[in-house]
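Look at the two complexes coming up: chain A is in both, with chain B in one and chain C in the other.
Moving on, here comes the complex of A and B:
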């Protein structure tokens, strides 16, 4: 049951093949078995079971709230959850229990979803994994064989999402299939009076038609995304996908996004500046960590922030403040904004030339082992990780990573589709067609759990190696 | 060159008009401004023995001072600029704080429509150009009462720019001549107020109250077109009246709804402007004028002693009456301005640019706000002068006190007395009593109707002027009594019985033959003595003009001293 899609589980719940409580308990048991993976920061077992109980009542009375009623969900630990600790994986927010729910969390709960807990992340989501600032939904999705959707900026409320870069952050959706992503997007999308950057126009429900004919479709292949660092395996998968579209009658053309190479450095300036600003509120006064030093307010600030933030966060705060200094503002921040505009215009030009969607890799390679992963410092790592995903955030466009194939090593590889702003539905329709063609293998949870059990027995060993 | 250049007090109102004695104004080319004398020993600032103690030196130039103002006016609105928290003065600490105001992570600003309308309305009243597109920025600094670590303001593109405001400066010996001065309005920007810090030095604690955090402010920047404390105070007063007329701010300085920072520099006329200092947080009209004049004189002294002016931030110590450098503002502040990414540009429309399908709840129409502009104080004063023929200075005085104009108009409605008489009674007697007891118009024990009735009695000569004063005092003391009741209780009505009055005159003349002789000898003052004696005999209940007439008639040659059948005389 845990390996199935949202739609399948929803149907099973409606038909009474499984109850929300049984489903919830299965999930909780899997979470416990995979604890060594450190996937969750907080597991909200009691809350989830209580929600399951209520959901069960609704099903019994025939008053189900819809497709999401009784469906277990996890939320990244940078979304505010009322009554549940929200830490951003930072010492700074250790023990911080928000008094309110993020709009997207509230919308899920209003539909009867069960909140299993809060998932792990880099401190303040400055690296990988549900919100997407530079690729943090699409990259993990590609590595895990999931669909990872980054909606258009302004389509989904950021209220309650603890910000990294306000102008690029978007709540992301991770699901097993494109249809599921569309269902969740349908629930989450729309104007939020609490977020002034959400669009005013009413959003229609996302019903994906099954595309049968792609002959009227124009797919763009950005030549700048063919970089030397791209693994040959992904490169060949990417061409296969292009050929697939062409062979089915779609028009596939090479396009140019000339300012792509400036994206990462531009992102660095804009991101660190917003980070420096957004982190100014963590002063230990109103909430979160506070040091013991009380000789003066300034000394308290300094010690609190030193203790509360890790090196990566501190480094970004320092660079960001440097870029915002009066003497540097024009040379760095304003220039980066201009470059951002050029990057966004690249996409506008391509879409205006008749391209409907862009097809690109999501990541340079399949997931690397932890020991490889930690060899590079955070900056290099994010520069590599976000190379194909980042520009989309600069431009505010929707993009989705679709699991495409398994590598020779048996690890998932995803490809990315990028769509026009606010044409999320069109994008997902294309993604759905592609998903159907590639027939990515269904994840075998039972097998996984058995594997886990063997690892579980060696948990001590596993934990040690993970904490190196 | 006699007399202080910069004066603290005005005869009308506390600081209604910048009263500059025309006779003592001097300085090269300066029109009606206050040019400070740089000569030591001729201190332009009173109450400064330190300066007056110094000896004058010959051949020095005069100095000119330049004053610009940054005025923060709290917007009168139900809720804060970017959150739904209510706005109330003196609510229990931290009782009006939303998650956003406390800067909980993940909260976002949502612009309050009312605050935008208030800014547009104020901009229009100050003849500004309203920017159809304006932007919000973050201004960063760490302070305990600024929870987010930044203030959202409008640094790059404010909502209104390039305006002007006219304020009246009273000149001449009698200060009856009002000269209009203009100050340019550089810009009006919308921004958040900060919270309040309460320092408990004893326990070395700082207590924070966030009730004020996030309240909408209008920052009005006035160009350095003023030249002394009194001018600045008068300009601020005019702005205060405009804001109150518009209803965009209650602008009460005592409650912190209007706060002023002053930029001050001095230079020799014809030379470039000097280095300026900023005096922050001036929270009363009196201290505003005092602080500016002190700072002008301090800078002059500093420069004349060979010193230099530092570009620094100072505060006014109202106990010592001087400005001092602010310790926590030492060192260069870099506010690291950045566009506020959570707020899209603020777009305004006029009748022409209004999108046809626009939802009226979502758009703001400048032209519609223009149509709603109420009458501004300058127009009200002009009307008073036109309609009642009052002196301009009196029109200023009527507007300067909250509720006084309304009181005046209510009296006018109910009385037959001449407007001039009403003006005099309201501005001298009534306002005098209020000031003496430190009361607001709304707290007055005398109602407009009571004063109107009193003035009616006076008008039809039922009582004398002095009796009227007595009645007024009694009205003030004993609430609820009507003037008529008081007149009858105290027997203050004028003697209407001509015969009785003539008899009294006769008796007084007989009793004081020497005075009568003096009158007949031509001593002009002697008759006044007789009048006084007769009035005393009537317990001040007789009209002195009538007494005078009777006496003159009796004292004139050929008088038969018979009782006259004449009725009341008309007052000359």
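Moving on, here comes the complex of A and C:
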């Protein structure tokens, strides 16, 4: 049951094959068994079980709320959850309990979803896995064999999402299949009066149609994304994917996004600048960590922020403040904003030339081992890993990573589709067609658990091969 | 508008050949002065904490300097991808509030309905070179 799609589980709940409480307990049990992965910062067991109870009542009475009723969900710990600690994985917010739910959390709860807990992240989502802002939904999805969707900027409310870069942040959706992502997007999308950056156009939940004929589709392959750092395995998969579309009748053409090589630099300046501003709210007075110093406000702020933030966060704040200095503002911040327009225009030009969707890699390689990962400092790591995902955030476009194949080492590899602004449905329709073609193996959780039960007992981290 | 953008694009140097993750060259290595360190720490209310942090900032600046290579003549800065749309504004009516208790509950120091801060208008003490980074 834990490996099935949302629709399958929802159907099973409706038919009474399993109850929400049973499902919830299975989920909690798996969370406990995999505790060594440190995936959850907070597990909201009591809340989830209570929600499960209520969901069960609804199912018994035949009044289920919809596809998400009774479905376990987890929420990254930079989304505010009322009554449940929200930390952004930072000392600065240790013990912070928001009095309100982020809009997207509220929407999930209104549909009867069970909140299992708050998941881990790099402090304030500033890690090399990106932020919701540079690819941190799509990159992990690619590395873990999941579907990772970044909706168009403005489609989903950011109210309650602790902000990193206001002009780029988007709540991301991680699911097992494209259909599931579409279901969740249908629930989350829409205007929010509490977030004035959400568009006012009416949005309706949609059912993804099953494409059978791609002959009218035009797929663009951006040539600047063919970089020497791209692993040969992924390059080969990308090429195979392009051939697949062509062999099925789609038009596949090479396109150019000339400013691609400036995207990471541009992001670096804009991100650090917005971060310098967004982190200014953490002063220890109204919420969050506060140190004991009482000499003066400034001394208290400085010490609180030194204790509360890690090196990466402090580094970005300092960089951002540098770029925002009067003498630097034009040459760095405003310059980056101009380059951002050029990057966004690159995409506009390509989509105006008849391309429906772009096909690119999501990551440079499969997931690297932890020891390898921690060798580079954060900025270098970001610069490398976010290469394919970042420009999309600058342009505000929708993009989705779809699991494509296992590497020779048995690790997942995903490919990315990028769509036109607010054409999320069309994007997902193409992604769904592709997903059906590649038949990425479904993870057999029970088998995995059985084979690795000794590993789990010893609580040792091991790289687990999915090779079958 | 897009024709001009394309024209500008063709004028930009073809940086793509080098590979997207070319390391920052030795051009324009930046030195951060002690004055600048102090200035930034005061503005940011966050300290560098170590010489490595200063070096990281220098690298970050060198990295950002690459933007200089892009021709942005006549290009307007982009603040938001939704710039062509009208910002939604709520009507100016009070529909919620009266939640002082909720707002105050997350603070460490509260007296009645006030957040309590230490005295203001006292500048941070100047640190001399030796003292700097002593708490790293």
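Everything that follows uses one rule, which is that the second predicted complex is superposed on the first by the 453 of 468 C-alpha atoms of A that agree within 3 Å, B and C clash if a C-alpha of one lies under 4 Å from a C-alpha of the other, contacts with A are read in each partner's own complex, and residues count from 1 in each chain.
Note that in this section a residue touches a chain if its C-beta (ideal position, glycine included) is under 8 Å from a C-beta of that chain, and two chains touch if they have at least 3 such contacts.
For clarity, every value in this text was computed on a predicted model and none was experimentally measured.
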- Message: So in the superposed three-chain picture, is A:299 touching just chain B, just chain C, both, or none of them (first/second/both/neither)?
- Response: second
- Message: Per the contact definition in the header, classify A:161: touching chain B only (first), chain C only (second), both, or neither.
- Response: first
- Check whether A:276 is in contact with chain B, with chain C, with both or with neither, and answer first, second, both or neither. both
- After superposition on the shared chain, which partner residues are touched by A:287: those of chain B (first), chain C (second), both, or neither? both
- Query: Should A:57 be classified as contacting the first partner (chain B), the second (chain C), both, or neither?
  - Reply: neither
- Message: Applying the document's definition of touch, where does A:99 land relative to chain B and chain C: first, second, both, or neither?
- Response: both
- Pick one for A:349: touches chain B only (first), chain C only (second), both, or neither. second
- Message: Looking at A:321, would you say it contacts chain B, chain C, both, or neither? Reply first, second, both or neither.
- Response: both
- Query: Does chain B (first) or chain C (second) touch A:341, or do both, or does neither?
  - Reply: second
- Task: Count the residues of chain A touched by chain B and by chain C, then name the partner with the higher count.
- Result: C
- Intersection of chain A interface sets (partners chain B, chain C): 96, 98-99, 167, 193, 196-197, 200, 276, 280, 283, 285-287, 297-298, 301, 321, 325
- Message: So in the complex, the part of chain A that touches chain B is made up of which residues?
- Response: 79-80, 88, 93, 96, 98-100, 102, 158-163, 165-167, 193-197, 200, 273-274, 276-277, 279-283, 285-287, 297-298, 301, 321, 324-326, 329, 333
- Item | Contact set on chain B toward chain A in their complex | 99, 102-111, 138, 140, 142, 144, 147-150, 206, 208, 334, 336-338, 341-344, 362
- Message: So in the complex, the part of chain A that touches chain C is made up of which residues?
- Response: 96-99, 153-154, 167, 191, 193, 196-200, 223-224, 227-229, 258-262, 264-266, 268-269, 272, 276, 280, 283-288, 290, 293-302, 305-306, 309, 311, 314-315, 317-323, 325, 331-332, 334-342, 344-346, 348-349, 352, 377, 379, 383-384, 387, 395-396, 421
- Note on the structure: Counting only contacts in the complex, chain C reaches chain A at residues 2, 5-6, 8-10, 12, 15-16, 18-21, 36, 39-41, 43-49, 53, 56-57, 59-61, 63-64, 66-70, 72, 75-82, 85, 87-90, 99, 102-103, 105-109, 115, 117-124, 135
